[in-house]
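The two complexes that follow have subunit A in common; it is paired with subunit B in the first and with subunit C in the second.
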Partner chain A sequence: MTRYLIRRLLAAIPTLLGVSVVVFLFIHLIPGDPVRAMTRDNAPEEAVQKIRERLGLTRPLHEQYMIFMLGNDTAARLRYEVARLTGNPIPVPVVTQPFRGIARGDFGNSLVTGNAIVSELSTRLPATMELALAAVLFAILIGVPMGILAAIKRGTLVDTGSMLVALTGVSMPIYWLGLMGIMLFAVTLHWVPSGSRLGVDIALDRTTNFYLLDSIISGNWVALGDALRHLILPALVLGTVPMGVFARMTRSSMLEALNQDYVRTARAKGLRQSAVILRHTLKNALLPVVTVIGLETGYLFSGAVLTESIFGWPGLGRWLYQSIIYRDYTVIQGATLVIAVIFVFANLLVDFSYALIDPRIRYT
Partner chain B sequence: MKSLRVVLSIPVLLAIVLTLFGCGATPTAAPTTAPPQAAAPTAVPATPVPAPMTMTFCAGADAVRLDPADLDDEPSWLPVDHIFEGLTVVKDTSGQPQPALAERWEASADLKEWTFYLRKGVTFSDGTPLNAESYLWNIYRQWDPSHPYADASKYATLGYYLFVDYFALGKKGDANAGLQEVQQIDEYTIKFVLKDPNPLFLQYTHVVPFEAVGKSSFETYDTEAYQHPVGTGPYVLEEWIKDDHLTLVRNPNYWDKASWPLDKIVFKIIPDASARLLAVKAGDCQGMNLVSPDDAAAAAGDPNLQITLRPPANVGYVRFNMSIAPLDDLNVRLALAHATDRQSIVDNLYSGLGKPAEQWMGPLYPGHNPDVKGYPFDLEKAKGYLKAAGLEDGFTIDFWYMPVARPYFPNAKVVAEAIAADWAKIGVIANLQTEDWGQYKLDLAAGKLPIFMFGWTPDYIDGSLLDVWFKDVPLGSGSQSQCCGFANEEVNDLLIQAGAILDEDERIEMYQRVAVIVNEIVPGVPIVHTSVPNIFSAKVQGFVPVPLKTDILRGVSIAK
Partner chain C sequence: MTASTPAVADVFSHKQSSLWTDALRRLRHSSSAKVGMSLVALLLSIALLVPVVMPYDPRTDSDLSSRLKPPSRVHPFGTDDLGRDVLRRVLHASRVSLRIGLISVTIALLFGSTLGLTCGFLGGATDIIAMRIIDIMLAFPATLLAIGIVAARGPGLNNAMLAIGIVQIPAYARLARSVAISVREREYITAAQCVGASKMRQLTRHVFPNSLSPIIVQSTLSIASAILEAAALGFLGLGAQPPIPEWGAMLADGYKFLTIGAWWVLLFPGVMIMLTVLGFNLLGDGLRDALDPSLKT
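What follows is the complex of A and B.
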């Protein structure tokens, strides 16, 4: 088992390196000058050139990648060593913005706001993760039992009803659903707030920026209640599509498993229905469901632009979207890379859970 | 079977819990109530403390930086104009500057020297008194290269301070700089000496680069000072959670507290316009900006809401590149202008918030010419012009529309489609194109776009707005005259003269003459002037929509 886990972890490294190259090239090959895009139309060329130099954008592409990965101090040292060894003239150091490189955990600063990207990530990633976790939790708690029920009661009204709900969930336009949810639950019933993560009058020590966790750590139950009230509606809206997907996937996997010989054998042995379903059928039907849950979780962790925009949720998706609009390429690089890492780890988790669910996978 | 029942009952239980949780929750607290921790113990009769008056204003986008010398976006103006103050302020619908940090001012006869007398008794939010020296700190930062914080490549994300290009005031020591000298006459008197006569200088003094900035923030936070603003304005920054909310509380040192009834302002960020409207309806916000025409129409019938309209000061237009054939032919430009049904566009796409533009400057501007009526929609006339140009069978041309929403073009593509449909009636096929906004601006400035949409929301109300489009100044200086093959000596001379005289009647006459000439040359088609709407709760009182960029909450209060 341990060897399996280590092998999977090591396999993630080249994947992430590949992602870093693709992200870097993708941003740099887009036509247009990012510095011109972020400055005023009539910015003097001298000022614009100074920014390009400060950001290292005047350097060759491979050097820029080296700076991106290892920082400008390491890149300068490497340039110096190469020149010394090859006998070429020693390069004149260029004053650029200090940057330690993503390999050392420095994503640089936003070109537009000047804020450190790591600092922005520390607030936005928890916001997105909190929302995504709540949405996935909702989707699992509703979708999976609904799928099981539909499979057990195949062909009945329960099956039809469940799959109707699942189909509605899958095909529901999030934008419309979000606005309708606010209209009903915030405007008409006043059950929940219309948006944001916390009421403006609620004080909270933001240690982890996971508001639920921060509330519990600080014993601030008022903030906990308020954060929950703010979380419910966006989580339900965001979880609607995955809920439908989970329900449909669970039903089809369960139906396939229910037709297997071992299920018939279990029933022939006189096992209780609950044991047949939970111990024999569900466990075998779970693999594809877990795969889908992993993929959906990775997708939700990468941010949900629409949900975050409608509910004023300051998460990763909205941030990335704005950065694309503003051509804030350091943020685009940083955020895309983080999203890629999340996907890789979500898939790793899925692989690990395979090993837990099905012991045969450990040896393949 | 029991455990299976447990699993299957999870959704039902969850639904019950959610419902109970929701029902048990109290409705969203009214924003004017005090926070829970402020409640007095019930056993002790306390002197009633009036609840702080808080307004939550739903904004469509968050501020980028809170540094008046380094911002180029409307969302940043919103909090910045509540934290900082300029020498003058625009606070009514006239759009004209009135005393703020300067109690009074005077200009020399040749309009080259402007003297400002600072208000006494004003302090920054950190307690530093405002005087000539502390006021000029921010001016020197932008203008004097020897200032310790002058390195814009380090302290400004724009890479330069606004002075450089915004008003062409340049740098100290540069013989061509618009601002040649800054003098500290006495503790409360300052003088700006300009290179050329400039009747507009007073208009500059209410715009952000002229706001007073406290240096203590820079001394403490250096390159992160933009997150810790120190100003002399009515409010100070209490909390800023990026893309969530930005909270301002009263500046205890402010000199004119009576003009600002609100104790606390929360700018809550909700990017989606419809969701912002719902937040106002739900009572979570008491005001909002960036209202779409559809939402304004939807809100009009709601007795709990009110809509305010800024006087229409902006313009959205279609510009022709007169150096690209066939647009170099006046008949072609006239044909396109007469084939554009502005009235129909405004009636169908602006929900009553727009007025068809007859000329480049709206009626609010001194220099607007009431005799210029634009180009009436007349397809027969348009066909006649095309025939005169030898293009009776029409032609095909690229038509670029803006990829971003602006108050004058909330949805540029839809407007472009309407115009293209009109032009198709005379045989002109417009290929609609767009691209990344940064590239769009570069391409139009480089003269690559034959026909493009653009617009303007001014910083001040003055006829010199025409300079932007028609004054013959070098490329890259903000003017669109050279990008589009417009070069008219008479217009250029008139604009130069009008920019250098104080006699307002004479200036107006010159600008009106420019309007006539421009109308004859047809460098484009002004399409619309819009009244920028805001939506407020019906309980909000005292908001004055000024015809400039930001929503200033001066005088705003909330009824109980």
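What follows is the complex of A and C.
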């Protein structure tokens, strides 16, 4: 098992490096001069040049990547060492504005607000993760039983109805569903708030920035109730598409498992239907469902851009979207990188859970 | 011996059914495929006929005296904030959405399938390098990657189509590669090699035609996701630009009037997106069941 885990972890390294190259190159894909694209047309050339220098865009590409990854201090030190070893010594470099590089957890500062990206991430990432986890929980709790039921009742009205609901879920433009939800449940019925994470009059000690967790830790039940009321509608909206995907996948995977010989044997032994389904079929049908749950992580982050924009949810998706609008390239790079890394690790987790569910995989 | 002759003749005279006739027969018996086909046919008819039946110029359509009017006999879907007829705009937007769907899927299909088939068939270093690049592309969530590409190149319909096409390339490449790997082991490929067919000929005459059915299914399903993504880009203001009627952009316009209860500006474009995507998804599911019964769900 350990060897399998190490092998999978090592295989993720080239992908992560590739991701860092793509994110780094993003700024260079912009047609023309990225700094000119960021500033107004009439910005003086000296100011534009200053920004270019601050972003390190005047240096050679490989050096820019090194700075991006390892920081300007390491890059300067390497330049100094290379010059010394090749017999053309240069003065000891002095780094006035140290940047530690993304490999050391420094994403730099926002070009628009000047805030450190890491500190912004520490509040925004928990917001998105709380929303995404709630959405996935809803999708699993509704989608998986719906798929099981449809498979058991194959060919009946229950099957057709569930699959129609699932396919409609998959075909749903979630931003539209969100808007209709706000109109019905917030504007007309006043059951839930229309946006944000917590009411302005609610006090909460924020230690983890997962508001549900924070309110439980501090025993603040008023805040817990309010955070839940704020969370429910965006989570349902974001979870609609995964719910449909899980239901369809569970059904097809259950149908395949139900046709296997071991299920017939279990039935022949005289086992109750519930034991056949829960102990023999479901466990074997779970593997493809787990894969899909992992793959949906990517969707959840894409969906978060739209859901967070509609519900004014102060998370990573909305921040990324705003940064795109304001052409805040360092934030775009930082946020995209974090999302891509989470996506790669979510797929690694899926691989590990495979190995836990199906021992055969560890030995292949 | 003579007695068996008619039986042999019978066997040869029996009309052989090809994959495609079989598929068509199965497709006709699938109720979900029929619903999907009807929805797609309806949408295609709307897109083709609407310029003739209901001509429309988005630049001269505003009528500020009838802003945000609820549905009535004159305006069955109501009017928007510039007094424009929502029905007319919703119907004309079907042309834009279909165009985005078809063009972006064509981009993905051409590049992705060619790359996947070639890599799968040839194998070796080309395959390893190309698939690593595809892995890296897959590490970015599709919509985010599309948003990033449009953000880099500037908002607009053409860039949106290009972005959606690019983000769909990995799915086609992976699919075509896996199909090509299984096809290259078949006897007819060995036979083609034995008679001295060149790699190019094997690829174009044997591997490609025999890999078509999963690629067709993927295309139908990805038109649905392309339309959804295009509408999402439009909603974020990165797709079609005003005054071009596009469902996502119409929703973004209507968003501002949510609190005053102007439900009609939001309801109809959304329903159109959902029905279109549902139609292509149902058709794709039906085609998958018809072309590859082993995948039947």
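Criterion: the second predicted complex is superposed on the first by the 350 of 364 C-alpha atoms of A that agree within 3 Å, B and C clash if a C-alpha of one lies under 4 Å from a C-alpha of the other, contacts with A are read in each partner's own complex, and residues count from 1 in each chain.
Just so it is clear, a residue touches a chain if its C-beta (ideal position, glycine included) is under 8 Å from a C-beta of that chain, and two chains touch if they have at least 3 such contacts.
From a predicted model like this one, the values you see are computed outputs, not experimental measurements.
Asker: On subunit A, do subunit B and subunit C fit together or clash when superposed?
Answerer: Clash - subunit B and subunit C, as placed by superposing on subunit A, overlap.
Asker: For A:Leu85, decide between first (touching subunit B), second (touching subunit C), both and neither.
Answerer: Touch partners of A:Leu85: none, neither subunit B nor subunit C.
Asker: Which of the two partners, first being subunit B and second being subunit C, lies in contact with A:Pro14: first, second, both, or neither?
Answerer: second
Asker: Examine A:Pro173 and indicate which partner it touches, taking first as subunit B and second as subunit C; both and neither are also allowed.
Answerer: second
Asker: On the A-aligned overlay, A:Phe343 touches which partner chain: subunit B = first, subunit C = second, or both, or neither?
Answerer: It touches subunit C, and subunit B stays clear.
Asker: Just to be sure I read the superposition right, which of the two partners does A:Val22 touch: subunit B = first, subunit C = second, or both, or neither?
Answerer: second
Asker: Touch test for A:Leu157: subunit B only (first), subunit C only (second), both, or neither?
Answerer: neither
Asker: Look at A:Ala47 in the shared chain and tell me whether it touches subunit B only, subunit C only, both, or neither; answer first, second, both or neither.
Answerer: After superposition on chain A, A:Ala47 lies in contact with subunit B alone.
Asker: In the overlaid three-chain picture, which partner chain does A:Gly298 touch, first (subunit B) or second (subunit C), both, or neither?
Answerer: A:Gly298 contacts subunit C only, not subunit B.
Asker: Quick check for you: in the superposed arrangement, does A:Ala268 touch first (subunit B), second (subunit C), both or neither?
Answerer: neither
Asker: Tell me which partner touches more residues of subunit A in the superposed arrangement, subunit B or subunit C.
Answerer: Result: the larger residue contact count on subunit A belongs to B.
Asker: Give the stretch of subunit C that clashes with subunit B in the superposition, choosing among 92-100, 200-208, 254-262 or 272-280.
Answerer: Clashing stretch of subunit C against subunit B: 254-262.
Asker: Take the contacts of subunit A with subunit B and those with subunit C, and give the residues found in both.
Answerer: In subunit A, positions 31, 179, 182-183, 187, 309-310, 325, 327 sit in both the subunit B and subunit C interfaces.
Asker: Mind listing the subunit C positions that touch subunit A in their complex?
Answerer: Where subunit C meets subunit A, its residues are 132-133, 135-136, 139-144, 147-149, 151-154, 224, 228, 231-232, 235-237, 248, 251, 254-255, 258-259, 261, 263, 266-267, 269-270, 273-274, 277-278, 281-282, 285, 297.
Asker: If you look only at subunit A, which of its residues touch subunit C in the complex?
Answerer: Contacts found on subunit A: 14-15, 18-19, 21-22, 26, 29-31, 167-168, 170-173, 175-177, 179-180, 182-183, 187-188, 248, 251-252, 255, 298-299, 301-303, 305-306, 309-310, 320-321, 324-325, 327, 332, 336, 339-340, 343-344.
Asker: Of all residues in subunit A, which touch subunit B in the complex?
Answerer: Listed in rising order, the residues are 31-45, 47-48, 50-51, 54, 111-115, 120, 123-124, 138, 141-142, 145-146, 148-149, 178-179, 182-183, 185-187, 189-197, 199-203, 222, 225, 228-229, 232, 236, 272-274, 277-278, 309-312, 314, 318-319, 322, 325, 327.
Asker: Can you name the residues of subunit B that touch subunit A in the complex?
Answerer: 1-5, 7-11, 14, 18, 21-23, 25, 27-29, 31, 33-37, 54, 56, 61, 64-65, 72, 152-153, 157-160, 164-165, 223-224, 226-227, 241-245, 247, 266, 268-272, 274-275, 278-279, 281-284, 404, 436-439, 441-442, 445, 476-478
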